[in-house]
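Below you'll find a set of structures to go through.
In the two assemblies presented below, chain A is common to both, partnered first by chain B and then by chain C.
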Partner chain A sequence: MLNYALKRLGLAVVIVSLAMLMLFCMIYLIPGDPASVALGPRATEAMREALRIKMGLDQPVWMQFWNFYIGAWSGDLGKEVLSSRPVLTVVLEQLPFTLALIAGGISWSVALGIPLGCWAAVKRGSLADRVVGILSVAVIAVPSFVIAIYALLIFAVALRWLPAIGAGEPGNPGDQILHLILPSLAVGLGWVGYIARMVRASMLEVLEASHIRTARAFGLPERQITYRYALSIAILPTVTLLGVGIGQMLSSAVFAEIVFARPGVGKLVYDAILTRNFPVVTGAVLVTTVLFVLLNLIADLIVGALDPRVRSSF
Partner chain B sequence: MTKPRNSGPTRRNVLAGAGAFGAASLAFPHISFSQDGKVVTVRSYSDLQVLDPAFRVSLPEDDIIRSIFAPMVVPVSGDVWDWKPIAVESIEQLDDLTISFKLRDNIGFTDGYGQMTAEDVKFSIERIADPANESPYAGDWSALKEVEVKDTLSGLIHLKNKFVPLWSTTLPTPASCILSKKAVEELGGKFTTETVAQSGQYLMAEWVPKQKTVLKRNPDWAHEPGGFDEIHIIPIEDPATAELGFEAGDLDYTWTAVSSLPRLKENPPAGSVVLEKPSLAYVWLGMNQDNETLKDVRIRRAIQHAIDRETVVDAAYFGAAAVANGIIAPGLPGNRDSVTYDYDPDKARALLEEAGATNLNVTLDILNQSERLTAAQVIQANLADVGVTCEIKQNDSGTFWTLGSKDGDYFMQLQLILGRYSMQPDPSWATVWFTPEQIGVWNWERFDSQEYKDLHEQGLVESDPAKRDEIYKKMQGLMDESGCYVFLTHEVVGAIHNDTIEPGLKPNGESLLADFKPA
Partner chain C sequence: MSEAVSSPPARQSGPGRALRRLLREPLGVFAILLVALVVFGAIFADLLTQYDPTRINPRERFSPPGADHLLGTDQLGRDLFARVLHGGRIALYVALVSTAISLAIGIVLGLIAGYGPRWLDNLMILVFDAVKSFPTVMLALALVTLVGPSLTAVMVVVILVNVPGYARIIRTQTIALKTSEFVTAAQSMGASSARILRVHVLPNVIGPLVILASMDIPVVIAIEAGMSFLGLGVRPPTPSWGSILNDGFSNIRETAWIAVAGGLPIIVTTLGFTFLGETLRDVLDPRLKGRG
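And then the complex of A and B:
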């Protein structure tokens, strides 16, 4: 197991390094002068040049990358262009909002997707099964920003049940949860469909398995068989799917953060790209990449611990 | 089979909890804090980045800076450009080169930095003007010779040369905000978001990055108090989101998109007031005269005649904005009521034929905003009508604002550009960007006229409004003649607010937070 864990950890380091290289190349390929954008029309050429030097843009690209790479591994992601605040501080200020949004999205998708998928499997071939199937495809097909805008128009503007913008008063968890409901619904609703489909398919497979037939032969109640013995196995692929889903939810979070004017890493990166605030772009994307790789690493280690076949095949 | 002991929450518990949470969330109406006259919640289009008046970045920062660091004077809210004293008891122009001032005797800095003195005025102004400090706002005080301290509260501002815009675009801006010399020196000469030694009508109580800035009324301010106990400033970049936030009751005041104005005016949300203010900004179609395709002035003049400006503006701004005849907005010296070219497709075709420009292909670079895209599409159709094929190229802001820069590699390929600049309430702020020195900086049309430059310099020292009017009109005439410009609009500024508040706004709709009051 230790050997397996070390190999997975090594792979994670390689993935993060490659992601950093790709990110760095992409950023430096896009046109636009960060110094001009940051300083505005009234800056003189001397001021722009001074800022370019401060940002290290006068150095060869490979050296800029090397400095960034070495700094990143020691936790120094540079400083924000104008305010000179450490990028890591800026990103970590925003990260909890994005994590809360994703956690909210996962909560919606699990709370709705698993019961719906389970119900559809149990009612296989019935009208209920077909309705769940159609609804699942429908919510998968609708982009999250469309859900975001309609949720906002209905629940915030027309009904005024929920707040439209912001993340709630700092230090007031109730207010923060209220502010989280609509954005997390927008992020998570599409995944309700994915999870319902996945749970239904897994359940149908598991319900045909021999241990379920045995349980039935023992005369256990159908409800107990379905939810205790079938669902506990059928849900495992869903956990893996959610691991991948976090990455996609991160990109959906950008739209939700813009539409609901919420703070968060997605909005931070979006604003930073527009203003060519390169240190913030690289820092924020690096932190989210590390987070994503870390979550997948943990998922892999858990699966490896549970299933010896996975360990031996690596 | 024995039933295992359930140590965690059961499915029933979870479902019941989720149901209760859902019901509770629906039962709580959304609470707006802004209706009681104590707190007002307003939107700004960007978050705070720099509080130092010498290095401020955006307009929303100007408003915060002016509220927390007392300026010598501020613009007055209303429909006429004027100013009123804040930190000064008196300020007057003694002659072309001398301004005297006397501070109020009871303005202090927070955090134990003592009384505001004339020495602080000298420090605050001279640090902006000093080239060594590399303030982007050094130009505001370019005419400054020195500030002479007469006594604790009085002093003289000495100018090197006469500078007419001083009273319209230097003093009533954060360039006249007074900082504590001692505090800034302790911070190393400049600062970003530190809030030591505040002195204004409001104090910055809280800044939560990307969430909000909270200003609280300064309890030690002995003069006209701010209208609210607290001002909450929420950064929302997207105007559509801000409008929805207003309609949902989360905001008391916001700017709106121009395209939303007709809808909001026709059907305003209950309890709201929709405002439309003339903007100082100017939008134009520019042509790069050094580009190989557009070198012949007859081709540029043909394009001027090919554009139906009224249709372009109507389509892009949903009928809310009027056509402009230059770069200087109504109400300022130099505003014109006509241009020297009219919409005449036949004349455009004739000029193109005369120049031998058949099957002309051009590229129009625009910023990726809906109004610009609509305007560009009408321009594209207008040009197609006279036989010119126009390709529209959309750019994000980071790319767009460097297209014409001489440091880049695109400035000579640049052909048509849809430009928009904002300005201060003095015509020199419009004309300054098109002088020969600005070629490859902000003069992307590469319009090169010594006469224009000479007139610009005359305008800076001419105090007779009639003569200034003549100078700036002549300058715009030269721009017409060059064929490099098709003037489109000054746009309008839309805003919406609750009828429980009375926003303080400059004549162009920009907010003056310290002047917001309960209705």
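And then the complex of A and C:
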């Protein structure tokens, strides 16, 4: 297991390094000078030159990458253009809002997806099963930003049941949760479908297993068999599915944050693009990428710990 | 010589038979209707409405849906029905062109990785994983910051998102075929690598990939609409479902119908293509079940 964990960790480091290299190439090798991009079209040549030296753009390319690379690993992602605050601090300030949003999305997807999948498996082949199947595919297919806009339109603007804007009053958990309901629904609804499908498939498998047959032979009530013995095993694969899911929810979170005007990393990047705050864009993209790789790593390690076959095939 | 060592026939499933089985599934019929609706609307956009999707008419701004304007007008008085129909052209154009390019690049890279030397395979897999490690939206945001919003930027994002997955599928299947008897036989008869890949490997690996790629079409349409919604895709005044949705979002407190008009075609198209892909996959190749 330790061997597997070390190999997997090494791979994650290599992937993050490669991602950094790509990000670096995107910034420095694509036509368009970052200094002019940052300063906008009305800057003078002297201003550009000064910024170029300040950003280290006068050094050779490999030297620039090395500085960027070493800096990034030690947490130095550069400084914000306007306020000169460290980019890492700025990004980390916004990160909790995004993580809360994703946690909300997971809550929705688990709270709805597991019962639906379980129900469909128990009623296998019935109309209910078919409806759950079609609904699962439908919520996976529809993009989260359309769900976000329609949720905003229906529940916030038309019915006025829930707040439309912001993250709620700081220090008021009730208000914050109220502000989290709609955006996290937009983030998590698609995953209700994934989880329902996953739970249904693995429930069907588990219900065929011999220990369930034994339980039936002992005459245990069907309800107890389903929920106590079958479901507790059938939800295990969901854990690893969520590892991937959290990463993809990061993408949906960007839209949810913009639509509901919530603070967060996605909103930060979007605003940074509009204001040409270039280092913030790179920094935030890098932090979310590391987060994404880290979550996949954790999911893989959990699977590896549970399933020796995965370890040996690596 | 190819007669002497012919590769096993790629799965023969007559298109006619598949279509008949598809039409027996109610969901398949429903999906075909939705997709046909969108394609028909996009192709005959000019005949279905006399309005110009980009013509501004301040006197008719925010007209509610009615006989004159089926879906109403937006904040500049442009007819939303015309914009939705013409937006369909953009969406389908991006979906088809960028999926075709991703397929072509993915197939070539996958064959190289699967058939080439081991070190090259390892390196390519690493690069694919690294590209995939960027969350899609973050990749799009970073790229557009540099090259500016355009349809090309949207397509580049789609290609970057799709190619690693396609290449991996082709690679895995190529590796499986590499040691098969008919490939060894072709090698022993002195066939070049290019010929082996083209004649013996490609026909056997391409089928499942095309099904998976067609199932990605709704995802591509979502990426185009999403980027246009954020103002990172097509430039105004070109109509795109995403930009209509954005107009609706900006005016959501005044009127609801702009947002509804922008979201509806996205829902219809993604549902249509997804249901079509799901039923097609089950009809054509049950082995792929659960991989979408």
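The definition used in the following text is that the second predicted complex is superposed on the first by the 283 of 314 C-alpha atoms of A that agree within 3 Å, B and C clash if a C-alpha of one lies under 4 Å from a C-alpha of the other, contacts with A are read in each partner's own complex, and residues count from 1 in each chain.
We adopt the following convention: a contact is a pair of C-beta atoms (placed from the backbone, for glycine too) under 8 Å apart; a residue touches a chain by one contact, two chains touch by 3 or more.
Small disclaimer: the values here were computed from a predicted structure and weren't measured.
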Original post:
In the superposed arrangement, which partner chain does A:Ile70 touch: chain B (first), chain C (second), both, or neither?
Top reply: neither
Original post:
Of the partners chain B and chain C, which touch A:Gly247 in the superposed model: first, second, both, neither?
Top reply: second
**OP:** Pick one for A:Ile298: touches chain B only (first), chain C only (second), both, or neither.
**Re:** neither
**OP:** Using the touch definition from the top, say if A:Val61 reaches chain B (first), chain C (second), both or neither.
**Re:** neither
Original post:
Which of the two partners, first being chain B and second being chain C, lies in contact with A:Ala46: first, second, both, or neither?
Top reply: first
**OP:** With the two complexes superposed on chain A, say which partner A:Val13 touches: chain B (first), chain C (second), both, or neither.
**Re:** neither
Original post:
Counting only touches as set out at the top, which of chain B and chain C does A:Ala111 meet: first, second, both, neither?
Top reply: first
Original post:
Does the superposition put A:Ile181 against chain B (first), chain C (second), both, or neither?
Top reply: first
**OP:** Considering only touches as defined above, state whether A:Val239 meets chain B (first), chain C (second), both or neither.
**Re:** neither
Subject >> chain C-contacting residues of chain A that also contact chain B >> reply: 30, 32, 37, 152-153, 157, 258-259, 273
Original post:
How about chain B: which of its residues touch chain A in the complex?
Top reply: 1, 11, 14, 18, 21, 25-26, 28-30, 49-50, 55, 57, 134, 136-137, 139, 192-193, 208-212, 234-238, 241-242, 244-245, 247-251, 396-399, 401-402, 405, 407-408, 410, 421, 433, 441-442
Original post:
Mind pulling up the chain A residues that touch chain B in the complex?
Top reply: 30-34, 36-47, 50, 82-85, 90, 93-94, 111, 152-153, 156-157, 160-167, 170, 177-178, 181, 220, 227, 258-261, 263-264, 267-268, 271, 273-276
**OP:** Within their complex, state which residues of chain C touch chain A.
**Re:** 27, 126-127, 129-131, 133-139, 141-147, 218, 222, 225-226, 229-230, 245, 248-249, 252-253, 256, 259-260, 262-263, 266-267, 270-271, 273-275, 278, 290
**OP:** Please name which positions on chain A make contact with chain C in the complex.
**Re:** 11, 14-16, 18-19, 22-23, 26-27, 30, 32, 37, 134, 137-138, 140-143, 145-146, 149-150, 152-153, 157-158, 197, 201, 247-248, 250-251, 254-255, 258-259, 266, 269-270, 273, 278, 281-282, 284-285, 288-289, 292-293, 296
